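Labels A, B, C, D, E and F are assigned to the chains in the order they are written; within every chain, residues are numbered from 1.
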Amino acid sequence: MIYVTRRERFSAAHRMYREDWTDEKNLEVFGKCSNPNWHGHNYVLFVTVKGNPAKELGFFINISKLKQIIKDRIIEKIDHKNLNTEVSFMQGKIATTENLAIAIWNELKPEIEKEGATLHRIRISETENNSIEYYGEEY
Amino acid sequence: MIYVTRRERFSAAHRMYREDWTDEKNLEVFGKCSNPNWHGHNYVLFVTVKGNPAKELGFFINISKLKQIIKDRIIEKIDHKNLNTEVSFMQGKIATTENLAIAIWNELKPEIEKEGATLHRIRISETENNSIEYYGEEY
Amino acid sequence: MIYVTRRERFSAAHRMYREDWTDEKNLEVFGKCSNPNWHGHNYVLFVTVKGNPAKELGFFINISKLKQIIKDRIIEKIDHKNLNTEVSFMQGKIATTENLAIAIWNELKPEIEKEGATLHRIRISETENNSIEYYGEEY
Amino acid sequence: MIYVTRRERFSAAHRMYREDWTDEKNLEVFGKCSNPNWHGHNYVLFVTVKGNPAKELGFFINISKLKQIIKDRIIEKIDHKNLNTEVSFMQGKIATTENLAIAIWNELKPEIEKEGATLHRIRISETENNSIEYYGEEY
Amino acid sequence: MIYVTRRERFSAAHRMYREDWTDEKNLEVFGKCSNPNWHGHNYVLFVTVKGNPAKELGFFINISKLKQIIKDRIIEKIDHKNLNTEVSFMQGKIATTENLAIAIWNELKPEIEKEGATLHRIRISETENNSIEYYGEEY
Amino acid sequence: MIYVTRRERFSAAHRMYREDWTDEKNLEVFGKCSNPNWHGHNYVLFVTVKGNPAKELGFFINISKLKQIIKDRIIEKIDHKNLNTEVSFMQGKIATTENLAIAIWNELKPEIEKEGATLHRIRISETENNSIEYYGEEY
């Protein structure tokens, strides 16, 4: 079993808040990340897939293919966008990096499986100090 | 003459556009950076100051003091904010990193000089691939 | 289940040695790291905690809270200090990064659990080439 | 149980291709990585070993020893070399990073075990965007 | 005057040697970099241009344009190629990073000037420890 | 004229203080960096030299030679040492990074000139946020 990780980057605006709360309540819970005028990040996305390399190829997924899937399914829809208002797979969700990781997992899983590989991990680094990992574990 | 560089980071939303242009015209000139719904970045700011170390101290500016000036004058006003609508020193300017570097230069110069040092360079990295430097040269 | 990693940094002096050994014996076993006049590092600490995000919040631990715990329990006690002589939770231990990771695990575990989360991993990078991970496994 | 990771670097030329295929077929499957005139990379190798620190030492493997093993067994044979034609442990294999990770695992495993430690993971980063991990799982 | 730096990356094979020298003589002068079977690197290229931002735009060169010039004139011709045998602008030159920086300067200068900007610096990092800068100074 | 930069790293303990001051006075001026029990850093040293590449070689200084000079003159004397008490070229000086950069300049200048090259800049990064540059300018 081999694990392949592809890194991609995107820049987006977001705001952590609940519509049914006042700005004051949002500020209290989410801090400066709830700024009603938005802020943004250079997110770094690491997608790890696993599989058994074919003897005759030396790999189990062509990394160009993996890159293309991530570009088509995620980067095109999220780069230079507003996570809260413009990204289809984040609609109705609080725009935390935790929820973003789960949403990206759900977007990519079927596409990776079509290629005969298994999605292993989504890691998103929001800043150089904060990052999130999700392995598809239900809860 | 010694040069001291302090790195600070901030996350902000912005949009590159002119109010007197249509969204189409803005898109044509500024590309995806003109998205009306905002996007954002983890900006990295490098402030370089120069001076002659005092023999009895081994430095010409206390780096804690330099850090404090940058925090008070820049980071507090810009971190987790919207560059276009919330940052006083960017009002009336197109929110390019070029203009941001010049504005930060103008904010910091008098404060640095009060400490007996000279502001040498403002460098801002917007993404890992794009960065801007300004040395205070008039034009 | 979501994993959240917070990065913090500290600079400290240390020396790897046993008091009951001569300097020669310490040099033989620990190499230049046993220098009796100390040396030091910029340590980078990665604390990973895991939990199930609350639907109504989109997270299971506020990262500001996690940051505060690490600052209070670790960084305040260790930054710009001597690991061998000044850090309470390293007393009586050889100042290896291995022992440091275990000690930090023990310091943080109860605090993380008070927040309803689970400590998953302590990773410490001593230099860009050497790093240590600990998952709390007894031995 | 403690995990120790040592990072080493090497620069090498390679080409992904099968001798029994035409250049066209190789280009179709392996893309620009099959260039018959070679290309190359700065590979970054992360070797992770695990074990139980001895109470009287605070470590289970001397990192200088680990470094020496990696230098002797891998770096000396691979740095500034051609992966396809000059590296003994890659003979007869397609020069993918996947196969390289498995080959390095096999080279290092017995040496690590002689030291009383267990090889846990080989990670190779080929570019800043692409990396491979192998944990010795048969398939 | 503002300075804009664009980073691009390419992976290439090369060999430092003179055709009119024996392999032994080449080895003596160029060391392991003269390996007749090639080796390679992940080169990182930083192109810095300078100019005066237009008041009505907030920039003097569209960074997308700068990126396109570098891609068309350099990256397309050099990425996943052999510097010695396949790159037109390196023909007849010893494949040192020094010569590469000068050659890239000469390739880019007229293109940058067509955009009304001035080429300021070419910086190439060959490994994380070695880098070269060229400012167009004749000698 | 070409500029070559070599990066080297060293880990050292230090303390910023004046012997003729009390610990209280030192603490007031130098802050936590004056801890009497020492602290330390992973310093990163960048040495930049300049010269005119020889046509027949494609370089003006062999980077292996540059590396050797830095190792012999600086790294051997400073790595895993105490800057205040063990490093000959820092004796009688306050152990600031500013003074360290000047001292390293003075150590390296004659050696670089023996190679027919010119020392251009010493840059030392003390932490990821603080760095110092010195160009040999008298004051």
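Heads up, the rule we're going with is that contacts are C-beta pairs under 8 Å (C-beta built on N, C-alpha and C of every residue); 3 or more make two chains touch, one makes a residue touch a chain.
All figures in this text were calculated on a predicted structure; none of them were measured in a lab.
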Suppose you hop from chain C to any chain it touches, then on again the same way; how many hops at least until you reach chain F?
-> 1
Can you name the chains that touch chain A as well as chain C?
-> D
For the homomeric pair chain C and chain D, should the interface be classed as same or different, according to whether the shared residue numbers exceed half of all numbers used?
-> different
Chain D and chain E, separation of their C-alpha mean positions in angstrom | 29
Using mean CA coordinates as chain centres, what's the chain C-chain E distance in Å?
-> 42
Chain C touches at least 2 other chains through residues 128
Between which chains is there touch?
-> A-B, A-C, A-D, B-E, B-F, C-D, C-F, D-E, E-F
The answer for chain B against chain E in the complex is residues 16, 18, 29, 31, 93-96, 98-99, 101-102, 128-135, 137, 139
What residues of chain C sit close enough to touch chain F in their complex?
-> 9, 11-14, 32-33, 35, 37-42, 79-82, 85-86, 127-128
Chain A residues touching chain D - in the complex, by the definition given at the top | 1-8, 48, 52-53, 56-60, 62-64, 67
